[in-house]
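What follows is a pair of complexes built around subunit A, which joins subunit B in one and subunit C in the other.
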Partner chain A sequence: MPFAHHVMGVEGAYPLLYAVWLLPFAGAVACWAFGPQLRRLAGPLASAVIGAAFAGTLLMWGFATQSVGGALGAHVSLGAWTRGFDFGLLMDPLALIWCIIITGVGFLIHVYSIGYMDGDRAYARFFAYMNFFVFAMLTLVLSDNVVGLLVGWGLVGLASYLLIGFWFERPSAVAAARKAFVINVVGDVGMMFAIFAIYAHVGSIGYGDIFANVPALGGALFLICVGLFIGAAAKSAQVPLHTWLPDAMEGPTPVSALIHAATMVTAGVYLVARFWPLFSSSPDAQELVATIGGITALLGAILGTAQWDIKRILAYSTMSQIGYMIMGVGVGAYEGGVSHFFTHAFFKAQLFLGSGLIIHALHNEQDIRRMGGLRARMPFAFWAMTLGVLAICGIPGFSAFFSKDAIIYGALRHGHPWLFWTGIVTAGITAYYMFRMLFVTFLGEYRGDVDPSDLGIRHPELAGTPLPAAPSHGESAEEPHAPAWIMEAPVAILMVPSVFAGWLLFGERSPWHAFFAQQFRPEATVATGIPELAASAIVLVMVLAGIGIAYYRYASKPALENATGRLQQESVHMPAALSAAFYFDTALDILFVKPAQGLGTVFGRWVDPKVIDGAVREIVLSCRWLGHLFRSFETGLVRAYALIVVFGAACFLAYYAFARGL
Partner chain B sequence: MNSALLPVSLMSYVGLSAVIFFIGVGGVLLRRNPLIILMSIELMWNSANLLFLAFARVWLNNAGHIFAFLVITVAAAEAAIGLAIVVVVFRRTHHVDVDDVRLLKG
Partner chain C sequence: MIANPYSGADWNAVVPLSIVAVAALVVLFADLVTPKGLAKRWVPVAISAIGLAGAAFTCGEGWGHSYAAFGGGFMVGGFATVFQEIVIVAALLSVAIYAHVGEDENFSGGLALLLWSTSGAMLMAGAGSLMTIFLGLELLSLALYCLCGLSPRATAGEAALKYLILSSAASGFMLYGMALFFGATGSVALAALAGQAVESNALFLCGTALFLIGIAFKLSLVPFHVWVPDVFQGAPLPVTAFMSVVTKAATLAVFARFAYAAVTGPHAQAILAPVYVIAGISMIVGNLGALAQTDMKRLLAYSGIAQVGYIVAALAGSTALGLRYAIFYLAAYTFMNIGAFLVVALLSTSKEEGSALAAYRGLGRTRPVLAAAMVLFLLALAGLPPTAGFVGKILILSANFDAGYAWLAGLLIAGTAISLYVYFKIVGLMYGRHERPHPTEVRPVAPLAWAGLVACVLFTFVWTFDPLGPSNVLPLVK
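Entry: the complex of A and B
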């Protein structure tokens, strides 16, 4: 099979593709413009729009997977704007997988939000932002050129900013939103330079032209890959641009589930997978991507062990899992990396939505030390979280078992043994911190009424700050509330793929492999010495060890009997390096934020008042001085004016009489 | 120069015209009554007319006569506007002195 991919997609009309792309935008505009009129209909409307987009995506399946003469997928041209700038939509298997997650999981999270955001003052604004995010993300994955990609890239950053800062009454939310936006712009700049370089070498922005002209990139190939990867790293929270993701948990929980777990943060994985012809041609870039991915996976897992906020645990776990994906696409195991995106979207959305059930029920309490014993009180949330935890840990039969092993073993097969071992260690740590979260949250006694200082919570006034617009059930009886099932049903539906989606990868001739058969060219592999089954066994042993340690520390009989004291001891004796998240924030603060603030101070105190304002003031003063000079000529005396006229006439006369001669 | 056509010498016309003109200039510059000023301007117009007619006679060219009529027309229009201004000023202040009309002083 020749991999002549420079013809991207089979040209056609595909009205459905337009519908999938533009419906969420229409929904966003409707919720934005008619929010006060729609009231509580905004949520169902926004959900229905995303549901329709999901249906459209599924109906596009046949077109997206069609292959005619080397052209794969469906392509719609949006016209040539100027020479070399042909815009269009491309839905091929890679874009299809992303669209299924964006609209499918997006639909479930929208439905969940109807319940979660019920009673919020800015109900319609929330759904407008969510629909807008879906539109932006679809723009990102459906674009057939790098400029459209960058537009989508920027728009999802904007949507993320708006949704992290959704509760803008809280200064911490505003700060988190700003931080996320600034770090993402760092990535955007990297991507922009890569795009400039691509256009300079290829003379076109279309994927097809770029991939057909990889040799033309020459020596710039590595730098282009690095530029693209800076964008990917910022968007996908890879070290050292990861610090925004834990802070982004300030947004409402459905936002964390959709944007900061399932879809937007995986855009980096999409980017590397989409540009596989470039990365595959640059082993140095692949090495860099895979290494950063591996480091992020390990670092996120280690930091996950030290968190007490349930959403921050999930945030670090997201960072770690995306590290896996980036590692997978970095070593050249594109199918494996994308498959982990696919399964991760389900179980991580499920975990976030499950945690949202708890947070919602406990009135915005997010500290797992103040939970405990919730198994009896919230059995549905318990089972949802348990299945999600089992899935993320890669217990055999659950989805991540297949997708994570595809990455870990892929690292070995493509000749990166130390990344292989990193992945295995990370899998063990993942099992430890996920079960730690599960045990502390659901087992033992409820600790919500224990004095926070007895649990080692240093600043109880900061923990579980009540939201200004807290969705409070039962307090305002006159407003009818969304039923409980509207939040539980999406979680229940998500359980199915989060448990079973991994089976798509089972076997040598798996459906997943067949699906991507024409998307990626298989990379060269090396002899491993360790059979895949043995690798899976090693991973399993590590996972079981992690679960065992978590059980011993948090779920064994003595641990449960003295849970309060043990949690206090752990909080007090938490290593400083872990509490400070390995000082990444401090380092970035000293290296970039402080100098930038210093520069800002210089400009604010000196350049602006002295140079800019000073120049303006000088111009004003000189104009005033000139005015004073000239007004002295204006006496208002008619005879004086007449004298000037006569004097002027005399001058003319003198000129013609003497200078010119008579 | 044909003395039959011009019994008085041309220089006499030019000299008279210059004298009348400078009397007019002096009137405009030195008098404060706007009516006198308008009359002085009239003197200047007419000194110019005198020159037009004298030179038309010398060069046997009727354009000078025609221009003299044009000047009379313009002078009439100017006198109308000038007198209108004087009347308006008089209505507001009940006396007219150009040195007192200084609203345009900077």
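Entry: the complex of A and C
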């Protein structure tokens, strides 16, 4: 299929781009290979490497945004295999935004981990995995072709698996890691088929070629988009492939912050935004993506109201927020979706790291019912969490206000009024459950010393946490711990963008708009009966209502006075559908896991040992027998050998004698 | 005065192999004048290495040229250069083994014979006429007969005698075939045979049969392979390593030249078919035979029978790509096979060669580096990634399918499947948990052998990527 070769970026050398891409890999190899030698230096080394990659990303800014003759961004060629298989790296504004978050937020989380993971037996292994994750994620976003994308996609899944199961002595961590991996592979397969179909129709794997030949995809376009979106949904925890994300919180908290909140789970958003020329050409696919996104946003928020584990609350809020993003890129409001990714990465990382401060101080207690009254004990964590919660709720002036409203109003502008209302309702529920978490955790009296069953906790054997020890240096003298500031400083730094990053988006002439002006073609809009300001006002009212209900239930005077009793009541009377997360796990278990196990049993008990092994055994036996047969010709006697040679010669001569009639 | 019919260019053509032959003389002379002691070993080895390196260099000079020296008797450039370089590299690696395990008695003599044998193989690689083929073949073989017997062990003498008797018979077949060729054409030039392949030409057909019998014997294709296991096992280790590659490379050059340049016309493939049939049989029989072996040298002899079957199969159909892939696989085979022999050499003790399979038990723990290198070579021989052996086999398969020899490809795959069992048995021995490590005597460091091993490892790995590069063009035979 002859066609002109299209490259999306401006061709060049860009040594910095290689550095950004490969530095984390080098760090991973160093931490993995020299872990025992590096000891406590592994953390600072790994952080420095990511910091350097971040600096490199910023230095690439000028190249990433350059535009020469329709080519946008910087491109380097990594060589071709055969025609149509050209590999390369592409850093355009879209990739740049992701790189900034991956390396920038990644750097802060690495620094935080130095403190959080201090004293862990596998300290160096942790940082090797973290660096490897960053490398995998950069491969995913920097690749200029679908094969590189798939490789990055798979490596990211692997890194996530390794990190969720990082504490592999815990059976629950291993199960969660396996679940995440399996669901991610389901997505990988969907994506793989889409890629096969793309190559079959276009004859090239490069983005440039694919996007220039969208009409060539013809009738397969919708199915290709669906295949790509299955990959996106699995990685971004969209309904019904979302069940792995809450379980993934088994990993260390910095992992949750980096992978399962700020970067990896947003890969689906990146995918849809990257393939916007395909999705924009298929209204059906857009409808599907936007609908799934809207449902996920709402479902995640509803489930978030029923959680007691602080990290699971944050996990469901992540799922819900990514639902927003998917909805944004689904309706065609690409800028809105991408900007919500950008702001979300900051405040969600801040929330997770803030919760990590609490968990760390309470010696791995994660149940908010056993917290309470922490405001006085941990003022810094309180303010960090409060700012994060205000940001995620979209209080005017905070970052999510701008990005979330861009998505919600975008849904209306692109002709999806019911998604608009879904977004508004979700915003209200979000405010409720986030403030619920904040109030229960920080206000009232400390409940760590209350009998767990009085709080409605069903498995009190898992409890038994002592009071957070007042910082007494005598006790920790035997094992030097990293200073507390190394965990607080990243959180403090994250506060700045999580509050202010939204201002980039403010107004018609926002720098953000200019930034992406060349990346996405504006989609068709419809006339709306509601002006943007009015929409924002409705959202605000919903948010305030959510906060009000949360205040009434958890922070008002009577609620605080009888906190223990109320929490017990709520725990006991939690609707079954909510505590079972709407039975998605059960459904998946019956639909897929059980049949797969049955099939496995059939193969394991009968087909494999009897049919396959049996055949193999027969072949091996006959090969051995033949081997011994041929060996019996090896008598060691020259006359026997000569006889065989003469026999062969006779055969040869006979052939040529009869071949006279060739 | 008779005018010299040959120009300077003719003489230049044989400079590389003359260097090797003269180096052998220098080795013998140096042996007389060097004092006893360590120098007795290192001076001859150094001279051989320098001679071979010089030959490699001068031979490389002829790379881009294309010249028929001595009236077409000896060819320069392209095809001949590639085969000569392979022979030289194999000889160099064999010298590295020889320097490590060669017997003190007759040390220089053996080295000189090795070099003369090398020069014979180089002559065969460039031979363009029947006479030079035979000259090279005899130079190669005569030196090898002596080399096989050059060990105080009883089996060495037996190996030498068997080799002499059977190989002489094969030479007889070949010489008879050449005589019939001469009768058919009145010329000794290979080029004169072109166009003779017609059904009525009985002289040519009989000559081909006899000539190819000789070739098949030297290539050790089934059923002319019977001598190989005994001779490989009995001969000293460096000689076995040398024979396993150099004899086959030189004979393969002759066969390729014969198949591509001399057998032309519509019946060409039918005339060459018997060779491909026995190449296919060799893949199966060689690997099956290797199954039952307990001695590393014998096992490698059998695996070599199968490997040469793969290489010959690449030529089926006489396609340009097939020849290129055959050369690629031969070069890869040189490194992986001699690499395996180098491991055997490094495992050898002063009393016995490290060829008994029992010596590999638990090697992964006692000698981890050697075991890892061995695994790489075995992977390459089995044709698994990431080695040049894998790429070579894929290329041969594609050449076979393109040339319409799908049945050969099928046999290749079947043979490979059997060979996995052979090679992984050794890997299992080296790394098996229940195996008790075999105590090994650690010999002093042998820099040359280790350098050779590193080179083999590097090439076995790095060549994997060669065909993917933009210029995977090897010059072709005309």
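Going forward, the second predicted complex is superposed on the first by the 589 of 662 C-alpha atoms of A that agree within 3 Å, B and C clash if a C-alpha of one lies under 4 Å from a C-alpha of the other, contacts with A are read in each partner's own complex, and residues count from 1 in each chain.
Criterion: a residue touches a chain if its C-beta (ideal position, glycine included) is under 8 Å from a C-beta of that chain, and two chains touch if they have at least 3 such contacts.
What you see is a predicted model; the values in this text were computed from it and never measured.
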Dominant contact partner of subunit A by residue count, subunit C or subunit B: C
First, second, both or neither for A:Tyr655, with subunit B first and subunit C second: second
First (subunit B), second (subunit C), both or neither touched by A:Arg631: both
Partner chain in contact with A:Val602 - subunit B first, subunit C second, else both or neither: neither
Which of subunit B and subunit C A:Phe647 touches, first, second, both or neither: second
First (subunit B), second (subunit C), both or neither touched by A:Val616: neither
First (subunit B), second (subunit C), both or neither touched by A:Ile590: neither
Touching both subunit C and subunit B, counted on subunit A across the two superposed complexes: 630-631, 633-634, 636, 638, 642
Subunit A to subunit C touching residues, read off their complex: 81, 620, 623-624, 626-628, 630-631, 633-634, 636, 638, 640-642, 644-645, 647-649, 651-653, 655-657, 659-662
Residues on subunit A engaged by subunit B in the complex (per definition of touch): 630-639, 642-643, 646
Contact footprint of subunit A on subunit B as seen in their complex: 25, 28-30, 32, 98-99, 101-106
Contacting residues of subunit C [partner subunit A, same complex]: 161-162, 165-166, 169-170, 173, 199-200, 202, 205-206, 208-210, 212-213, 216-217, 222-224, 226-227, 229-230, 267, 270-271, 274, 278, 285, 288-292, 418, 421, 468
